[in-house]
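Letters A, B, C and D mark the chains as written, and numbering starts fresh at 1 in each.
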Amino acid sequence: MKSGKKKNYNFIVGGTITGLMLIFIIIGFFYTPYDPNAMDPSAKFAGISLKHLMGCDNFGRDILSRVMKGAGTTLSVAAGTVFIGTFFGIILGAVTGYFGGILDEILMRVNDAIFAFPSILLALVFISLLGSGTYQVVIALGIAFIPSFARIVRSEFIKCKNMDYVKNARLQGAGHLRIMFVHILPNTFTVLLSAIMIGFNNAVLAEAGMSFLGIGVQPPQASLGRMLSEAQTYLFRAPNYAIFPGLVIILMVLGFSLLGDALKREE
Amino acid sequence: MKYAGKKLLTMFLTLFAVTLFVFLAFHVISGDPASSMLGTEATPARLEALREEMGLNDPVLVQYARWAGRFLTGDMGTSYSYRMPVSDMVTDKIPVTLTLTILAFFMMVLISIPLGIYTAKHAGGVIDRIIYIFNQIIMAFPPFFSGILITLLFGRIFKLFTPGGYISYEKNFWGFVGYLFFPALAIALPKAAMAVKLLRSSVIGEARLDYVRTAYSRGNRTNDVLYKHVLKNALIPVVTFLGMALTDMIAGSIIIEQVFSIPGLGRILLTSISNRDYPVVMAIIVCISLLVLVVNMIVDMIYGLIDPRISVE
Amino acid sequence: MEKNLILQVKDLNIEFHDHLIPETVVYDFDLDLRVGEIVGLVGESGSGKSMSALAIAGLLSRKDMKKRGQILFDGVDILTCERNVLRKIQGNDIGIIFQEPMTSLNPLKKIGWQVEEALRIHTELSKEERYYRVIEMLRDVELEDAERIYHQYPHELSGGMRQRVMIAAAMICNPKILIADEPTTALDVTIQAQIVELLKRLNREKQTSILFISHDLSLVRQLCRRVMVMQGGYVVETGDTEEIFNHPREAYTQKLIAAIPKVVRKS
Amino acid sequence: MTEQKDILTVSSLCVSFQDRSKGLFQKKNRIQVLKNVSFSMKEGEVLGLVGESGSGKSTLAKAILGLIPYEGKITQVSSYPQMIFQDPYGSLNPAKKVGWILEEPLRLKGGPDSAKRKERVREMLIRVGLDEKFADRYPNQLSGGQRQRVCIAGALMQEPRLLIADEPVSALDVTIQAQILELLERLHKEMGLSILFISHDLRVVYQMCDNVMIMKGGELVEQGTVEEVYFHHKNEYTGNLLQAAGIHI
């Protein structure tokens, strides 16, 4: 392989942003400057200062602490969502793509029908069935994300199953499961990885959107979407309340999408 | 024609499946509508009477058929919370959401197609790179956050519109459209950024193919190769994306309606979800599903028109 | 320039600059093509034969590529002339056909539209005149049912028919030179033989000079009087086809000829 | 030559596919791909199968390997025929190293332990004319000819007695082609391997094979020794093929 002439700036910038965000979030799991839920009436709408780096909200809670915790929640929800989506997506896509036939026909019709619906809408349907809450959001978004992964995995499996190396493995006596998960699956990793990056971004945005609508993470647990929805009321009085949580969402998504682009170009 | 018929059939089958699923799901989850309606006034005798009256003792499929039949005639049931026909609550909201979505869709197309072609043509140039960075940032914006920033910037600082000053379309249609301009922009921007990126890579990918070399070998100008040969081929994946973006926008408008206090479908959907007002939720979901399916159907038809290979397959 | 000489290539060098180290793919390529002559260009993959052909057709315009030398056609240097001068030559005086007739045709355009494209660009003929010219040309490349094919799409034709369409499109303006880049490699033997016969006939009837590029020495022997053998970017041997076949001078040419399995009675 | 027993007998083999292009509710036609194909192959024979694209020659290979359903009878002496494919880029798993790929047949057979497997792989690599270092490379680091050698090595790991070679040299340059043919010939001699050699190239088949079958439209139109078929063909189509390939007798 010849090395490319240009440096992969996407990788450098995306990696840096993602790395910094991860550090920010991981610190938030163990340490925040203040208790994110402690209200300090004297600090109501406190501006940006050394004491409160991002200021305080309408209850006098430290925005930085809440953003740290909230970003952690968003990240966990997104990770859970992507995990459910990828796990079941791989199984569904592998089975339908590899075996084909009637089963594939039926499952994919259903899958395509679900895929046609915006994931937020699907999640809303599930939320109205399951009730709101963090776990419900993970399950609802996770289910809504399965079809997109299943489609990607399936099309990769269809591409691979007709390759000669798969026929060869069959001739040598490899079983279907071994062919699917030992021979074919590793070949889908590049595509899967960039799908995971995109899926992760969609999950972050969807989680934030649902919390914004008040049907995701429930108060008093901090969540970026919910902070934004509260901040909207005091937009003119305390723009920092809206801007910092928004900025954190943007940085999280931006980092991942740059990394995803970088991976695509590596191919 | 056979292709169109097949797609139409698929659409109706999907619609049937979706509505059946929605009906069954809500049937299982919503418990007993009779007790929800009667609330504290419930007595066993009254409950039984109401159940019989509402046909709740019939088999589920019969109930589904009855519900679907009523739905087709415009009777969407009665809201638990407001005790009024759902159709009265929903029908005048549909135009609001639809206008918002369509407006956003046109903005997306108007922004993305020219920019996509431009960046593909000048790939690697300074403007292409600036647009790339811009695109990446815009794609990272949650639509409601851009909504908030737009409110802050254009509403509060430049005073181009009055936040919360929604104008009903029945009173002043153009005022209504004017108010929807900024919300539509908030929905359109991230999708437009994605479309620019997709169109750019699609055009660049097509331009590497053999038939483009053939076109040049006949003495075509670069622009003729681009507009007569490449563009139509490059648009095929973009059409799929635009269709998906449109359905996504229908859902996205639910959130944006919250930011700009627009009384559309999203508003009642959210209140109904938190009130567990299932007939309303069901009606709205079925309406949106219908829209989504129609959009997909149109996308398939456009496909059939663009690509001669499709009708054969 | 000699009177019969139609194309003269002098010291053509092609260099790639898409990696850190520039890579030369064609060294000091010389070619004299005379009116009505068929010259064969033979080499294995990576020998630089296709690159030279593309350069002569004026189709190497990538920015990361450097070309030196001269390609003189009718007093115009194809390497250095203005784009609009080059465009007047392309399709009008020089036609080219490629290896893959499937991908070389635009999948979304009708055959008739694609065949008459060069006429639209280079002539002032009316729509009707163009139509009759195309039908005539399609018949000339031995496509039966030309009127129907005019309205068909590429995917509705077989590989051999598509290659005939490609030839028709390249020959529609009666070019002085036809460059055929591995035109029969993707086709079955019997179809291959038909296409070679067709090229021979067109060359005889229209006095079109043909530069025939192939990896198949025995095919070149059937078609060309003169042949050039390329290896690793260099022309290693050039001369009369039979002469080279019977008395190859260079070791590489000998190796190439020896690699062709011989059909001679074993007993 | 002593009389040798048949390693493969195919009698009245028919294969048909359902026409997938028709829709869900239309009456489907079955397309007959192989029509009543019968032949037999002796132990240690190299049998050529020649035909143009769509003639059914690859389908015949798949039927013999048991990859598709068929009607008729196929009797084989050895139970594990192996195959090498046309496209050396598609027949090696791009995600695995050469060593892993070559060990896989042994693992699947529940063969020897890891160290022994590695030893076998080393021997086989050398046998097909590659360096043992190739075991640590990925397929995309190899050239087309090297890949085809690895494929041959992989096919031989389970020590089959019948090898089906489906256009094994069509994707390669002539000089590489000659090397691979030489290798196959050597292995044939060394291991007494029977080879069913499928190709569209009449010259290559003449060089490689003892006997040859010509296939057209799913039927065997002519079979016999190469001398018979090439110099005294009875069928018109065979004549066309020979002429198209520039083989004038």
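Convention: a contact is a pair of C-beta atoms (placed from the backbone, for glycine too) under 8 Å apart; a residue touches a chain by one contact, two chains touch by 3 or more.
Computed from a predicted model, the values in this text were never measured in an experiment.
Engineer: Would you mind naming the chains that touch chain A and likewise touch chain C?
Structural biologist: B, D
Engineer: Which chains share more C-beta contacts than any other pair?
Structural biologist: Comparing chain pairs, contacts are most numerous for A-B.
Engineer: Compute the distance, rounded to whole Å, between the mean C-alpha positions of chain B and chain D.
Structural biologist: The computed centroid separation for chain B versus chain D comes out at 54 Å.
Engineer: I'd like to verify one number: the distance from the centre of chain A to the centre of chain B, where each centre is the average of its C-alpha atoms, in whole angstrom.
Structural biologist: Between these chains, centre-to-centre, one finds 21 Å.
Engineer: Just curious, how far off is chain D from chain C if you go by their C-alpha centres, in Å?
Structural biologist: Going by mean C-alpha positions, chain C sits 34 Å from chain D.
Engineer: Counting only residues that touch at least 2 other chains, which ones in chain B make the list?
Structural biologist: Correct list: 312.
Engineer: What are the residues of chain A that contact at least two other chains?
Structural biologist: Residues of chain A never touch two or more of the other chains.
Engineer: Where on chain D is chain A touching in the complex?
Structural biologist: Contact set of chain D toward chain A: 65, 67, 80-83, 85-87, 90-96, 101, 104-105, 108-109, 140-141, 151, 154-155, 157-158.
Engineer: What part of chain B is in contact with chain C in the complex they form?
Structural biologist: Going through chain B, the ones touching chain C are 209-211, 213-221, 229, 232-233, 306-309, 312.
Engineer: For a test of understanding, state which residues of chain A touch chain B in their complex under the given definition.
Structural biologist: 109-110, 113, 116-121, 124-125, 127-129, 132, 201, 205, 208-209, 212-215, 225, 228-229, 231-232, 235-236, 239, 242, 246, 249-254, 257-258, 261
Engineer: Chain D touches which residues of chain C in the complex?
Structural biologist: It comes out as residues 44-45, 188-190, 192-193, 215-219, 221-222, 255-256, 258-263, 265-267.
Engineer: Would you tell me which residues of chain B are touching chain A in their complex?
Structural biologist: By the definition above, chain B touches chain A via 14, 17-18, 22, 25-26, 29, 136-137, 139-145, 148-149, 151-152, 156, 244, 247-248, 250-252, 254-255, 258-259, 269-270, 272-274, 276, 278, 281, 285, 288-289, 292-293, 296.
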